[in-house]
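So, here come the structures, one by one.
You will see two complexes here that share chain A, one where it goes with chain B and one where it goes with chain C.
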Partner chain A sequence: MTNNPFPLPKDELLAAYRTMRTIRDFEERLHVEFAKGDIPGFVHLYAGEEACAAGIMSHLTDVDRIASTHRGHGHCIAKGVDVHAMMAEIYGKATGACRGKGGSMHIADLSKGMMGANGILGAGAPLICGAALAAKFRGDGGVGITFFGDGASNQGTVLESMNLAAIWNLPVIFVVENNGYAESTSVDYATAVDSYVDRASGFGLPGVTVDGTDFFAVYEAAGEIIKRAREGGGPALLECKMIRFFGHFEGDAQAYKAKGENDYNRTNRDCLKIFAGRVTSAGVVSAAEIALIDREVAALIDEAVGQAKGAPLPSARDLLTDVYVAY
Partner chain B sequence: MTPKVGIIANPISARDIRRVVASANGVQIADRANIVLRALAALAACGVAEVVMMPERGGIGGHVLRGIERARGQSAARFPRLNFLDMKITGTVEDTRCAARMMALAGDVAVIIVLGGDGTHRAVAGDCGTVPIAGISTGTNNAFPEHREPTITGLAAGLAAMGLVPPAVAFAANKTIEVSIDGGAPEIALVDVAIVTDRFVGARALWRTETFRELYVAFADPEVIGMAAIAGLVEPVTRREAGGLALILAPAATAAMRVRAPIAPGLVEMVGIQSWARMPAGTVFTPALSAGAIALDGERELFFDPHQDVAVRLVDRAFHTVDVAAVMQFAARQGLLLDRPLEGARP
Partner chain C sequence: MARKISMKQAINEALDLEMRRDPTVIVLGEDIVGGAGAPGEIDAWGGVLGVTKGLHAKHGNRLMDTPLSESAYIGAAIGAAACGMRPVAELMFLDFMGVCFDQILNQAAKFKYMFGGKAKTPVVIRAMVGAGFRAAAQHSQMLTPLFTHVPGLKVVCPSDAYDAKGLLIQAIRDDDPVIFCEHKALYGSECDVPEESYAIPFAEANVVREGKDVTIVSYGLTVHRALEAAETLAKTGVQAEIIDLRTLSPIDWDTVIESVETTGRLVVVDEANPRCSIAGDVAAHVAQNAFGALKAAPQMVTAPHTPVPFSPVLEDLYIPSADAIVAAANKTTARALAA
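Our next item is the complex of A and B:
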């Protein structure tokens, strides 16, 4: 593409938009379907935070590993996990990514480098240190990314992992997805060290804060941090300040948010609108191309929900399979 | 009316990508609070009784109050009374602008001490009206605030605020560069305006030299870091002389001339230069690039498309700062900080 002033070629810009649109529609649809009572367990929706997952994962391949959180659907989709398998997993069906045994908070696909969503806060950080250590020994150039929220950032596992990553100079990126609320507790109250960048510097790691609603801000910063890690520059921290459109979990009344906060954010801080506005006004992508992706993704999500609903449940015989893995 | 001093301390500065692509440092929140405490102690030593401070959610205020409380516990009353402005906190640059406006409107704030980088100082300068600024660098590229121990800046601010130094000595006029798109309200830069080929704000900082196309500087000091360093190494222009410098840049591989410039802390890069010329105050410059991003004081803030018109104009004597060096020299010569308790006493 000539005269493209963006850091990605047009096909990758369209791919990034498709990823963000897929996450958004996946989550918006789950919001509707969960209320019908057909989905077991809890779901924690990523809507509003898409630019973070897409901006970071645009730099990764299947050799790179990520460790996700309880709010992991966006990470899974951006890392390439099959949407049909994800939806089936959330419905607890045998065709799911983990054969229906994991559910929303434990979707994993090692073939894609997706080590799993995780219901335990801060548990991804030590896992990714292991994956990064393995990558370092293999010398395959792989990096490990662990996501955690502003709440989990206070877990000992996260802090211990930063120390481990620093002393072993591991290719790990610690991504703080700071949406301002640890469940319902404001970050202003709950975090004693006032800046996550300060916290990283306590371990000798460089830290960067970006606007997590701006795909290009995340993409640029993540690109430099990941490149540095691949080249042996060691671990770093990336804080993405972002917006959570829904509650902590589905059913959360969100009384802790200000009146009109969600409406304001959907109108003014929607990362998809910001991205689409920028690439179309620059004349690199047309509104018709955006609309086509919107239609295709809507059809994809319809299909995924339909297939998931019609899929069989795991049988009783499956209860004791996949419990242990022999290496 | 007893003059007050305002303090605007930005908790968010020095957090950008230059910690990775360069070797920029970060100033921790506790360190920023410590700087405020040092400035407060200096203000009290000059007789300043009351200080108003911008509230923020970054934690600086909390650490400062804790420090004052600890000193009180040690029976050391060495700080002025500290109040926080009653304003809504957004966690954005609007907080800085709002605080500057409130301090300017209050009418009794004689000087505003600013902690931040060039961006923070720019936000204050745009809204502080005629109230002079005393800058303390806690940002990344600190071309505008001079590097100095904050206690000294606090002393100079205090002496100036208390009227112990004539205004003609205490305060210096500064230039700004205004940028407007399609005739809209201008944004300002205190040090430099760069036009780059990116058409997005992204991670804001500038470090990819191949994207640099034009540069306008209010002053060009070979001792500063950032975009202004490029100009400073070509043709120095002081803060105090009239006008600035306009440069046409190009990728180093194709440029007729190249300069090795410190464009970020620890990052010395070859930058291509096609030409340069003086930039008289009041003259409107129009970038040749038809579309791109505009970086104000080293950070991409705006972007423009081919159908938009961009105007760049230097303004002389746009706002005032405390001339710390001049104040301290005056204080020394006039003995403003001397005390002779035994003078006149019989042996």
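Our next item is the complex of A and C:
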């Protein structure tokens, strides 16, 4: 039997790969379907960033809560939100995760601890402080993770929340998904510090920067700070440096990127390729096992798209429901 | 047993009773305990005007002072509500909504609908409203219409201590986000309030004075101005019926319409600025739904379309006066009485 040099047992490695592959295929397929004109509204794809969601969410259960972003599909899938319900939601169908009333930017499943993708940048940080405060009052050991990009890192809500989490010693992890671009604006232009660790230290928080294309780097760094937060050690910041394969939203011509940037990243910095390469070359997982997951996920996404396209639309009466619990 | 207490005491009592009843009720805000981390007394303030004074001694760390970060702590209250707590967050002055409105407008108000009905956000945001404290343009506004405009929010504004207690208890038990507006000029006003717990349902307006000639609709401080006006009107033989809306969203249209169907005349008094105000809303609703009953055009008595001024002489002109209400009522009755 081959020695497993990784920090996860084989079944968890396979599960992590399945999560990342599911996110990738979900997003690649949306890219294709969106171009056909069947999907309404704005769609922001997470392809290229999968290792961050999967590496962090491997440490979480339903008692833990996350607040996501406009680029939230990856967080949803990694947190266990049903892929069929997500796809139907993005198509605006009555069977969607939010019955067609939220769309891509607002997918949520509170039963899974997923407090919503969010169309307002930086809005999740205060909310997750509240989730962590609730966990603290309940004493259920839950932690809260708020994801935000390098763009939203400059929102006052995020900075206020870092201070609040610090003074209340809340079990909150601030995850900066630094993909280098706030929409089209470079992080070098918009953020004054070179490292988000410096920003964290300004709030008295420990911080760590990892290569977000390396699942294992994310997994290990996240594991340490999540454990610390769970045990009452307080909040921390994790910066994942990552790659956004697509534009800010679908339809973005990405003229602000360097020539050849996307091709280079697809070839050399694809977190799935990097992960598969490592686990297969170590002999822990076989190429056949990877290929089997690829086939199963492809079938799942096909099925999800097929179901979503065939699903019923909301009815006129749905317009007026669920504004209040009671009014 | 009822005894006379102030609105401030009534609010304190409502918080105390609900915190005793339900362990998920927590209270947070700036200086709501007071003196956190400072060398002097604990519970030094109990809120900037002392409304939450003494609650810390009874409920300890379920009351939390916050840093001056309205977005962070109002958002945290909303997040905690979405995770099973019933937080009461104090925004101090409703004017401060400007720094945290996203959390109210785009988060709390939207979760239920946007997530397909699967969320509930039982948060109460208490805040002082209204003019009369010589506090000028950023601490005196009646911003109720900004919140009634937003689907998903409920908006409450009591006019006395009895209503404040019952409506706040209802607000805390309510499963939707509630903006609870406390008129600072009413904090000291006293009336009979039962010691025990009671909840006043939302969308049940209170007919505080019955009359057959003109319906005067208001809420908050101006209910008392309307009562003064009614005394004056009575001396000239005009009997005004006064309706205190109590809750602005949801709103009790039935009571308003029924009254107008009897009196045929409507005056709406609102301390908010006139455009897109509660006054305009009520006048429009009555015009659309009880046009046949109207004997005269509905009248609105509101603040002018200006910020709240500082100088006492100007501020006194800003707040709708009893005289202005009398004049508006006379305008609706002029034809009938002259005939």
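In this text, the second predicted complex is superposed on the first by the 322 of 327 C-alpha atoms of A that agree within 3 Å, B and C clash if a C-alpha of one lies under 4 Å from a C-alpha of the other, contacts with A are read in each partner's own complex, and residues count from 1 in each chain.
Going forward, contacts are C-beta pairs under 8 Å (C-beta built on N, C-alpha and C of every residue); 3 or more make two chains touch, one makes a residue touch a chain.
Predicted model, so just to flag it, every value in this text is computed and none were measured.
Chemist: Overlaying on chain A: chain B and chain C, fit or clash?
Modeler: Fit: chain B and chain C sit side by side once superposed on chain A.
Chemist: Once chain A of both complexes is superposed, is A:N265 in touch with chain B (first), chain C (second), both, or neither?
Modeler: neither
Chemist: In the overlay, work out which of chain B or chain C sits against more residues of chain A.
Modeler: Per-residue touch count on chain A favours C.
Chemist: In the superposed arrangement, does A:C98 touch chain B (first), chain C (second), both or neither?
Modeler: A:C98 sits against chain C, while chain B stays out of touch.
Chemist: Applying the document's definition of touch, where does A:Q254 land relative to chain B and chain C: first, second, both, or neither?
Modeler: It touches nothing on chain B or chain C.
Chemist: Quick check for you: in the superposed arrangement, does A:A221 touch first (chain B), second (chain C), both or neither?
Modeler: First partner only, chain B.
Chemist: Which partner does A:V197 reach: the first (chain B), the second (chain C), both, or neither?
Modeler: first
Chemist: Under the stated touch criterion, which partner chain does A:P126 make contact with: chain B (first), chain C (second), both, or neither?
Modeler: In the superposition, A:P126 touches chain C alone.
Chemist: On the A-aligned overlay, A:S281 touches which partner chain: chain B = first, chain C = second, or both, or neither?
Modeler: After superposition on chain A, A:S281 lies in contact with chain B alone.
Chemist: Upon superposition of the two complexes, what minimum C-alpha distance (Å) separates chain B from chain C?
Modeler: Once the two complexes are overlaid, chain B and chain C approach no closer than 24 Å between C-alpha atoms.
Chemist: Considering only the contact definition stated at the top, list the common interface residues of chain A for chain B and chain C.
Modeler: On chain A, no residue contacts both chain B in one structure and chain C in the other.
Chemist: Where on chain A does chain C make contact in their complex?
Modeler: 65, 67, 96-102, 106, 108-111, 115-116, 118-120, 123, 125-131, 133-135, 137-138, 144, 156-157, 160-161, 163-164, 167-168, 321-327
Chemist: For the complex, give me every residue of chain C touching chain A.
Modeler: 24, 26, 62, 64, 66-67, 69, 71-85, 87, 102-103, 106-107, 110-120, 151-152, 154, 174-176, 250
Chemist: If you look only at chain B, which of its residues touch chain A in the complex?
Modeler: Per the stated touch rule, the residues are 11-12, 15-17, 19-21, 26, 28-30, 57-60, 62, 197-204, 291-292, 305.
Chemist: Per the contact definition, I'd like the list of chain A residues that touch chain B in the complex.
Modeler: 5-7, 188, 193-195, 197-198, 201, 206-210, 214, 216-217, 219-221, 224-225, 228, 236, 239, 278, 281-283
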